[in-house]
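Notes follow once the structure below has been shown.
A, B, C and D are the chain letters, set down in written order, and residue numbers restart from 1 in every chain.
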Amino acid sequence: MEKIKTLADLKKMQENLRAKIDLREKSAQPETHIQVKVAMATCGIASGAKEVMEAFVEEFSKRNIDAVVTQTGCMGYCYAEPTVEITKPGQDPITFGYVDVKKVSKLIDKYILNNELVDGIIPVNYQSIDKH
Amino acid sequence: MGKIKYHMLVCGGTGCHASQSDQILKKFETLIHDRGLENEVQVIKTGCFGFCEKGPIVKMMPDNTFYTKVKLDDCEEILEEHIIKGRKVTRLLYENPETGEHVSDSKHMEFYKKQIRIALRNCGFINPENIEEYIARDGYQALGKVLTELSPEATIEIMKKSGLRGRGGGGFPTGLKWEITRAVKSDQKYVVCNADEGDPGAFMDRSVLEGDPHSVLEAMAINGYCTGADKGLVYIRAEYPLAVERLKIAMKQAREYGLLGKNILGTGFNFDVEIRYGAGAFVCGEETALIHSMEGLRGEPTVKPPFPSESGYLGKPTNVNNVETYANVPVIINKGADWFAKIGTERSKGTKVFALAGKINNVGLIEVPMGITLREVIYEIGGGIKNDKEFKAVQTGGPSGGMLTVKDLDTPIDYDNLIAAGSMMGSGGMIVMDENDCMVAMAKFYLQFTVEESCGKCSPCRIGNKRLYEMLEKITQGNGTPEDLDKLRNLSQVIKDTSLCGLGQSSPNPVLSSLNNFYDEYMEHVNLKKCRAGKCKSLMQYIINAENCIGCTLCARNCPVNAITGERKQVHLIDQEKCIKCGACMEKCKFNAIYIK
Amino acid sequence: MEMVKLTIDGKPVEVEKGTTILKAAKTVGIDIPTLCFFELKDMSIENRPGGCRVCVVEVKGRRNLAPACTTIVMQGMEVNTRNIRVLNARRTVLELILSDHPAECLTCAKSGNCELQSLAQQLGVREIPFQGEQSTYRKDTSPAIIRDIDKCIMCRRCEMMCNDVQTVGALSAVNRGFMAVVAPAFEMNLEKSPCTYCGQCVSVCPTGALTEVDHSRNVINALADPTKTVVVQTAPAVRAALGEEFGLAPGTLVTGKMVAALRRLGFNYVFDTDFAADLTIMEEGSELLDRLTRYLKGDKSVKLPILTSCCPGWVNFFEHNFPDMLDIPSTAKSPQQMFGPIAKEYFGKKLGVDRKNLIVVSIMPCLAKKYECQREEFKVNGDPDVNFSLSTRELGHLIKQANIDFNSLPDEDFDDPLGESTGASVIFGNTGGVIEAACRTAYELYTGKKLEKVEFEELRGMEGIRHATIDFDGLPLNIGIAHGLGNARKLLEDIQAGRNHFHAIEIMACPGGCIGGGGQPYHHGDSMILKQRAAALYREDAGKPIRKSHENPFIIELYKEFLGKPLSEKSHHLLHTHYFDKSAGVFVEE
Amino acid sequence: MAKIKLSEKKLEELKAVCKSFNNEKGELINVLHKAQGIFGYLPAEVQEVISKELNVSVAHVYGIVTFYSFFTMTPKGEHPVSICLGTACYVRGAEKVLEEFKRVLKIQVGETTPDGKFSLSCLRCVGACGLAPVVLVGEKVYGRVSPDGVKDIVAEYNS
């Protein structure tokens, strides 16, 4: 990695990164560019988030689905760990709680492939500062 | 692609569950089935909306219509009107309490979302191990801004104007602390991040470090720029391996990107960070003890003044702030002091992260604006008390805090109000207790913690807390006298008055606040030898109710000490001498034949 | 100097900026009680952890009470040291401390000298309202010091002495919370630690947690045994401090009364360690001259500087910490250990008493001497050259037990021949005294000229590390002096690093030298007492008719009759020793 | 006391650790962390070596080891069992779980079973409060543990 030498460079980098994200989120192909974030803080991992993440990766590659699986920090819903957030292009992200390996295929079958929701949705009950 | 047109989200949280959300869900399913709409409408049980006061809640997707206080009788109307006719059922819409207007789209219902995520803004959003995701979300912009556009003085002025106070417990104004450290002349200064989160039941700092380590690094660099330090130290619990790992990755990436190290962003400013490990001592959350621990010494506090800002790590001026405090800094710089100061109360600005735990449905991490009430936290975010028990108390501030009760439910939470209510903000642990929790036993639990964690340096804390614990033990064993209660209060007062550091000065708080709020419970223990919560083993007996017992022998077989006797099909008896009050018999009994006296 | 104005108990006070409330209060006659606080003024020894919380006072506007010993005065401060809140808190804190302290005052060695006991009296504690567990630990008896740390109150004075002042590192605070206590590593016996037995921990301990091993019973038994001839030797520093045990002003010389008391206790011969000190000068001084002359002649095998070896705490210290420098100190034994063989092999033989039946008792200001006389190399077929070593304090108790009214005793003289001494030997008790005594003799032997002024003022004083250059008739002799082992360490490290070039160095383990020894009457942190003792010894020296060791007629006779000359084969056999490497760990072999 | 010889290899490793911290006194706690990583615990001989390498007294090292609860002088069992006694776990019955572990393993807190298989300790909050009460066996986290479940957990490691 080349060091960022000025603030202008940093800003340019940010723009590029944002553009990439936008491309993904506003993609016209609904079945591609699906993003799955798995909450992988201590409590998540303790409840099996690692296994869930592995299951997603495995299933996606088995079914040849173009999706990005990433880890993220604590979403705050400790009572419902492991939690995952799924973002389909052009749609609001939805958070599912109580996810285990079994539920992974259900989520893929129903929500990702069929746009049907699945039990265990966690309603977002906070404001992010982006809009504030 | 499925043909589902509508999703109906029915809250399955415990609070709503109690108000028949289950039946509502079933009713919808039946109605849909009856009308043959299975392929168009799907009913989904969700987690708690945290808005239990207005439950049960039904949310319609994709149009985000939010129906509150839905009753069984309303189901048909919703289906008919909303789904078939496409009209909203106005009377069930959420009513804005201020304007009285009905609000249909929950997207415009931000005010129902009690939480505002500032410190936690990136937690759960970004991959903490990828600096680019942080940069994409304004990461290191604040650092860039102060380094190129603002003088240290101007930056400190922003911090002061924002009203940010230390989130580690004490609540000292952050900007002022920076200013004091800046004013001290020295060839070397340090900034420290206190990540020695020791409150049992609190894990805010860990979550921030695990979820958004760069925000802390960025803020430390800003702090270094303001105070004149080129070296930062993160003092972190060794019990947090994941946080350590992510922090290390973040440091490495920040160095690779030139955001830590020499000549950051070409401004000539140098700053780098090192990690120091705690090793399991609660007292090291106190800044002088923390500094001694970083120096490789016993983590014993020393008398202040001198404050670390004058003489800290290796005798040099040192600015110590905690993780959550740091996590707020980049946002304040980016969005401005005024934006931040608009959130919160007169003297407590911004938000506070709490770790909500205990007898509450939505155990988790929340970030709420200062000034929110306990009631909102418990019933509108926390989803209410678990198993529909009665709320009894909330413990804030961990072992240094006190208990808040029903009478405090509507007090706006901020630094000063919590102290006035006999507790404190602390680092943000919030433990909810219900009717089954004994307040004397809780006080004893916290004292046991303090006794174990006291460093032993000053006598009031070393010996005094031990004596407090012993007196509480005496009371929970049924050997207490009314004089003990006076002694308890007096000794608590002296320990508060004479202890060396914050740990000792606050350690009697659980005792004093429980004495103040639950004196009758203490009196019951002392006078009636009774524990109403059924927690104090010495004060209770497991008894078999002869009327219900059918002699199935299940209890006898499960008793670990063979204290239960009785022939098959005969009423059984518990030998109170042998009984160790483990409660296994009661848990096992299928006939409700065992009760606690 | 910037001044700060404040009021204490309503009285206006003006003190220098940086003063503590405790000291500010003292200036207006307000004596705030303390417990953990300790200082030896002008000797940079201070302990103020702010831990006991006995000295708390109320400061207007402050939420909690402030420890007077560590709180610095501020402009306009209003302090109250005795309102009901303060008194109640202070007494409660003391009651808490007492609730974790064995109530064994009647049989405690420290009774009457215990600061905790007097504080309980001062604050009028009549009962201890708190009952509960007491922290208990194993009692540890070493050759010199007993640790009964059930009585430890965590004042940390011993830890400060052992680490900050002496840099011995035998003790540390260990564990935490209620079980926190000061102990050696792994809570092992002190004997397994690098303890030097300097006894400074004992001399500052406010309670009976650290005391000396009491040998007075052994002495009483020996005195009562008709088959034994019991001789006693008294170290120089004892005469300047013993009076304090009987209420006499610090610095009162009680040499004559001490001799009288010892005689009344039944000792057959009352001798003086000073005699052996003169002998030490003969041997050590000759060794210095020998090394010096060879060095000046270009002999590269000669090691300089020569280090004194009179102090057993110091000997233990370098054996533990400087194993690569074992050949630098003088091989001369300490005066106590020179006295032993002379008494048993010379005087005893003269009397016709077998050494087994000749009991040598020493009265020492020192606890390390108890260990020293038990060292294997100072025994002949298991029989120690010096049988028992008592501290000044133990002698005081012994005199009281024997119903002797010390203060009304007449002055009496030491017995001959081992009781005769010079002024040079008397000042052995002060820091710088040994080297001054050595200079008096070495000068005359080296230059062959008579020394007109015997006082070397430049070698005296209380500064921790001192340097001086003495003109040996054209030869500038560089002298280094250190007292306190921490200072000694600094000096030695300088030598190791080649930063300093001395010909001779005197080192004493205890602050002030032997007058501040671990076996002396408790000074309770009053450094004036140490200074008065030192002055007393210089007074005694000044009053002596003979003030140079080599002029002691009995020493001259001893050489003529028995030893031959200094550094003779017989001297080497009886009066010199060698040192051991004790740096190895307890658990790990290198 | 017999002098115990540390394995030459581990001893070298330990000295290398000290050296990697420049044998700085101030790095004592970091060194102890690493040493505990190497040996699993901090026996007296390890402390003695560290004291020599860092030029601090053994008493000081011991003072540090006994101050911080993370450091231990007793070897842990093959499967160290830790019961979270944080407040969240406490109010959800962690004490009963602890009692059951003591009963099943027949050891007290801080002890190791005679066969060296299990050791028992308490800790404060692993941050998995949503799963309270929480038990750790080695790295593995067990959530919502009831006294009934204790036997099963132990059995997992006893086969």
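By our rule, contacts are C-beta pairs under 8 Å (C-beta built on N, C-alpha and C of every residue); 3 or more make two chains touch, one makes a residue touch a chain.
Everything quoted here is computed from the prediction, not taken from an experiment.
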item	value
Chain closest to the middle [Cα centroid of all protein chains]	D
Inter-centroid spacing, chain C versus chain B (mean Cα positions, whole Å)	57
CA centroid of chain A to CA centroid of chain B, Å	25
For chain A paired with chain C, centre-to-centre distance based on mean C-alpha positions, whole Å	73
Centre distance in Å when chain B and chain D are each reduced to the mean of their C-alpha atoms	27
Residue list for chain D, restricted to those that touch at least two other chains	63, 67, 126-127, 129-130
Residues within chain B bordering two or more other chains	203, 206-207, 240, 281, 298, 357, 363-364, 452, 455
Junction residues of chain A - those touching two or more other chains	41-43, 45, 77-80
Chains grouped in pairs wherever the two touch, ordered by label	A-B, A-D, B-C, B-D, C-D
Chain C contact footprint on chain B (complex, rising order)	281, 298, 300, 302-303, 305, 451-460, 462-464, 466-467, 470, 487, 490-491, 494, 496-500, 505
Of all residues in chain D, those that touch chain C in their complex	1, 3-6, 43-45, 47-49, 51-52, 56-63, 66-67
Complex contact set, residues of chain D against chain B	24-30, 32-33, 63-64, 67-71, 85-92, 96, 99, 103, 123-127, 129-130, 132, 147-148
Interfacial residue positions of chain C with respect to chain D in the complex	163, 168-176, 183-187, 192-194, 585-589
Complex contacts: residues of chain C adjacent to chain B	49-53, 56, 64-65, 67, 70-72, 85, 88-89, 92-93, 96-97, 99-100, 129-133, 153-154, 173, 175-180
